[in-house]
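Several structures are given next for inspection.
Here come two complexes built around chain A, the first alongside chain B, the second alongside chain C.
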Partner chain A sequence: QASADANRPFAGLSDVSISEDIPVEGDISVPVGPSARRDDEFSTLDEPVKETVLRDLRAVGKKFVHVLYPKRSTALLRDWDLWGPLLLCVTLALLLQGGAADSDYQGGPQFAEVFVIVWFGSIIITINSKLLGGTISFFQSLCVLGYCILPLTVAMAVCRIVLVAGSGSVSFAVRLVVVTASFGWSTFASTAFLADSQPANRKALVVYPVFLFYFVIGWMVLTFSPSQ
Partner chain B sequence: MSAGSGNKNTEPWGSFDDNLIQGSGSAVIDMENMDDTSGSSFEDMGELHQRMKEEEEVTEEAAATEDHEDGEFLGMKGLKGQLGRQVADEVWQAGKRQASRAFNLYANIDILRPYFDVEPVQVRSRLMESMIPVRMINFPQKIAGELYGPLMLVFTLVAILLHGMKTSDTIIREGTLMGTAIGTCFGYWLGVSSFIYFLAYLVNAQITMLQMLSLLGYGLFGHCVVLLVSYNIHFHFLFYVLWLLCGGLSTLRMVAALLSRTVGQTPRLLLCGTLSVLHMLFLLYLHFAYHKIVEGLLDSLEGPNMVPMQRVARDVPELTINATVRSLVPLLRAH
Partner chain C sequence: MASTNDPFQFQEFEEAGNLLEANRNATTISIEDDDIIPEKQRQAAGFSPDDEDALASDDKTELLSGLKKSVPFWTFEYYQRLFDVETHHVKERIIGSVLPWPGKNFIHVYLRKTPDLYGPFWICTTLVFAIAISGNISNFLVHLGKPNYKYTPEFQKVTIAATAIFSYAWLVPLALWGFLLWRNNKIINLVSYSFMEIVCVYGYSLAIYIPAVVLWILPYEWLRWCTIVVALCLSGSVLVMTFWPAVREDHPKVIIAIMSAIVVLNVLLAVGCKTYFFSKPQALPADKSAAIEVTKAPSTT
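== the complex of A and B ==
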C-alpha cells in the first residue's frame, strides 16, 4: 500500500479541478542552473562593449580590494578569474623591462622570463598543494596566487619612482624596506586564502613554496636597476 | 548472507550488491580492490573508478539512445539524417571516452601523491639527518622515499643561485639567468641521480630510483647552507672550510647509505667514488662559476693560484678587425 502511494505521488490530486473564474497567478519560474546562465550569456551579447569591460574591471577591482585587506573570506575563491593575474603579470614584466633595454646587459629579467616565473611558479605551487591533500581547485589556486602579486607590483612602481630620485644607499634602504613589507604582505595574503584548504598540521609545507615564490619575485624587484 | 544472491532482495536500498564491487557473482572479496593507502594499488583504484564511471556512462548512453530511437519516424530522408547523426554521435562519444581514459591514466597526479605524504617534523628531522653520516654499513640503511623535501631543496638552491648571480653581475650570453639557474640545479639533481642509479643497476646495488632521487635531493641541503654563507661573506678560506665540512658531511652520509646497500669492494669503490667526486665538484663549480671573486681580496689572502672561471667573454671589435686586416694583407701583397 505504501509503495503504491510512493509510486504515484500526485494520485490524490486527480479529483481537484480548477475553475476558470479563479485567476491563477504567481511566479512559476524555477531557477535551473545551466540554462539560466546560458540565457544570461545570450542577453549580454547585445550590450555595449564598454559595459562588459567595465563589469569585468569592477570584478577585478573588487578582488584587488580583497587582497589589500586580506580577511578569511571566500570571495576570491568563489568566482575566480584569471584577468587580474594576467594584468598584474604584464604590468610587472613591463616595469621590470626598463633595466634590460641594452641587449648586451642580460642580467635583468626579460619579459618572457617574468611571465614564465610567475605562471610556472604558480602551477608548481598549486600542484604541490594538491598533492599535499588540499581541497582547493587548480584555477582557484592560480587565481589567488596571481592576485597576491599586487603588493609586489605596487612595490615595483614605488621602487621605480625612488630610483628616479637617485640610486644611492639611502634609496636602497628605502627600496629594501618597501619590498620586504610588500613581500610579507603578499605571503600573508595568499596564505590567508590558501592555508584554509589544507589539513591543519601541513600548513607549513604549503606556505614554504609560496614564501620562496614571492621571495624570488621580490628579489627581482629589489635588484632592478635602470640602464644608464 | 550472500549465499543466494539475486533472489533475496528484500531491502529497499538494494542490499549488498556484490556485482557492483567485483563484476562477478562470487562471495569472495578480492583484496586487490580494497581501498588501502599503501600506495601500490593506486593504479588499481584509478582503474576501478574509471570502470565504474564508464559503466555509468554506458547505461546513460543506452538510455539516451533508447529515448532517441523512440522519437518520431521522419521517413527515409529523416532516417538517413538520424542515422548519420547517431553514428557521428557515437564516434564522438567513443573518442571522448578513449581520450578521457588516457588522460586519467597518465595525467593522474594521484600517482605522485604518496611521495608527498610527509609532516613538517619529518622534513625537519630528515634535513638534520642529511648532515649526519651513519656508521652502520653492514645492514641496508633506511632511505626515506619522499619527493617533497628534495624538490623544495632544489628550488631553494635555485633561489640562492639567483642571488649569487645577481650580486656578482654574472653576464650570460646565451640564455637567461633564471633559465641557467633552473637548468643547472634540476639538471644536476635529475641527471646525477639517474647516472648513479644506472651505475647501481650495473653493480646490482639495492637502491631504487626514488630512493636515489631522495638521497641526492637531501644531500643538496649542505650545498644550500654553504652557498648561502659564501655568497654573502666573501672569505675564500671560509668557503674552503665549509666546502670540506658541510660538503664532506653530506657526501659521507650519502656514501654510507650507498655502501650499506652494495656488495663487493670494486662496486663500492666505483659507486661511492663517483658520487663523492660529483657531489664535491658540483659545490666547487657553483661557487666559482656563478660568483666573481673580488680580485684584491683573493690576492691578499692566498696568492693568485686559483683563477676564477668566467663565462664566455665578449667579442672585442678591435681584435676581430685586426685579425681580418692581418689575414687580408698577405693576400693583397701576393697580388
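== the complex of A and C ==
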C-alpha cells in the first residue's frame, strides 16, 4: 500500500480541503474613480491651440539650443521632428533671395534650388549612411542634418547685414570669416550627433558627405551678391 | 555509466567520438552546421585523408562563395553589399587610381571581386561641385578689377556639370560592358569584368581630376594645359591597363578601336570641361551670352 502510494505522484494532495472559516470573496472590479481626469491628461484634443503651438515651438527651440551647444546627447535623436529643418530651410531660401534683380544675372540661387539642394542632399546623405550600415533611422538623420543648418542660417543673416554696410573687400573678408566659422560649427555639431551611429572603421566615409553638404551651402551663403 | 537499455541515453556524442578516434587526422570544418553533415557522409563513405583535404577545401570555397549568393537588385541588401567598404579600402583605391603602376591591374589588385559604389558616386559628386566652384572662382579672378563686371554665382552650371560627369561615369561603362559582352560571345576571353567593376574603375579614374580642376583656378593657360596632360595620362593609363587583358585576345582592329574610344572619350570630357567652365583671360564682352559663345569657340587660342 505504501509503495503504491509512493509510486503515484502528487499523492499527498488529494485530501486538501478548503476550511470554511476562510472567506472566499472580494471585489474584483477595477477602480473607476479618477479615470475621467486621466483621460484629460493624455488627450490633447481639448487644449487651446496656443498651447499646442507653444509646445511644438518649445521642442524646436530646445533642439536649437542643442545645436548651438553640441554635446554628445541623444535628445535630438530621440524625439525627431522636421518643423525645425523646414523653418530653417525656408528662412535660408528667403534670405538668399533679393539678389541681383536683373533677369539675365542671377545674384543667388532660386528659392526652389535651395530647397532641392538642402532636402535632396540630406536624403542622399541619409541613404549613404544607412547603406554603410548606420544604426540611425531615416527621419532622425534628416532631423539632425536639418537642424545643423542653423549656424549657416545665422551666418546668412549676418552676411546680409554686413552687405548693407558695404560690399568691398573688407566686407568680403568679414563674411569669409563668419561663413567659415559657421560651416565648421555645423559640421562639428552634426558629426557629434551622427558619429556614434557608425562603426569606427567607416566614420570618415560618413563624415565626408556631410562636410561636402555644408561646404556647398556655405559656398551659396558666401557668394550671395546683392543687387546694386 | 552508459546503459543502453535506458531510452534516454544520449547517443550522438558517442558516435562522433568513435569516428574521430578512428580517423585522427580528419579535417573538420567548424564554420556552420551545414558543414558537419557532408563531413560525416564523407567519413562514412571511407575516403582517404588526401581526398578528404581536397574535397574539404573545394567544399569550403564553394560554400564561402555560395555565402555571397546573388540578391535581386531591387532589394536594399544588394546595394548595402556594394557599400561594404572601409575607410582604408577607399583610400587605397583612390591612391591606386592616381598612381598607376604598370602591371598592376586596378580591378585585380584593388577591387578583388568587391566593387563598391561609394567611391564612384562621391568622387563624381565632388568633381561636379569642384568644377562648378572652381569655374566660378576662376571667372571671378579673370574679370577682377574690370569696371563693368558683375559677379554672379552661376548655379545653373552645377546641373550642366552634373549631367556631363554622371553620364560619362555611367553610360560609357554601360556601353563598354555591353560591347565586351558581345565580343565575349565571339571570342573566348579568360578575363571578363562585371558591370559594377567597370563602373568602379571609371569612377575612381576620375579622382585625379579633382586636384587638377582646383589647379585650373589659376588663370595661366600653360599651367592648365600641363595639368590636363598629366591628368589625362594618369587616368588614361589606368583605364588602358585595366581593359588590356580583357581585349588582348581579340582581333587587332577591335583592340585599337576599343582602346582609342576609351582614350578619346576621356580627352573629350577633360577638354570639354576646361573649355566650357573656365574662361580664358580676355576682354570682357558687353553681355554674358556673348561670353559663352566666345568660350565655346576657342578660335583665339
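Brief remarks on what is shown
Note that the second predicted complex is superposed on the first by the 182 of 228 C-alpha atoms of A that agree within 3 Å, B and C clash if a C-alpha of one lies under 4 Å from a C-alpha of the other, contacts with A are read in each partner's own complex, and residues count from 1 in each chain.
One rule holds in what follows: a contact is a pair of C-beta atoms (placed from the backbone, for glycine too) under 8 Å apart; a residue touches a chain by one contact, two chains touch by 3 or more.
Just so it is clear, the structure is predicted and the values come from calculations on it, not from any experiment.
Following the overlay on chain A, a clash is recorded for the pair chain B and chain C. Shared-chain residue A:49: touches no atom of chain B or chain C.
In the superposed model, A:219 lies in contact with both chain B and chain C. Once chain A of one complex is fitted onto chain A of the other, the partner contacts of A:116 are limited to chain B, with no touch recorded for chain C. In the superposition on chain A, A:161 makes contact with neither chain B nor chain C. Using the contact criterion defined above for the overlaid structures, shared-chain residue A:205 touches chain B and also reaches chain C. According to the touch criterion, the shared surface of chain A, contacted by chain B in one complex and chain C in the other, consists of residues 104-107, 109-110, 113, 128, 131-133, 201-202, 204-205, 208-209, 212, 215-216, 219, 223. Residues 109, 112-113, 116, 118-120, 123, 148, 151-152, 155-156, 159, 162-163, 165-166, 169-173, 176-179, 314 of chain B are the ones touching chain A in the complex.
Those residues of chain C lying in contact with chain A across their complex are 76, 79-80, 82-83, 85-88, 90, 118, 122, 125-126, 129, 133, 136, 150-156, 287-289.
Contact residues of chain A toward chain C in the complex are 100, 104-110, 113, 128, 131-133, 201-205, 208-209, 212, 215-216, 219-220, 223-225, 228. Looking at the complex, you find that chain A touches chain B at residues 104-107, 109-110, 113, 116-117, 127-128, 130-133, 201-202, 204-205, 208-209, 212, 215-216, 219, 223.
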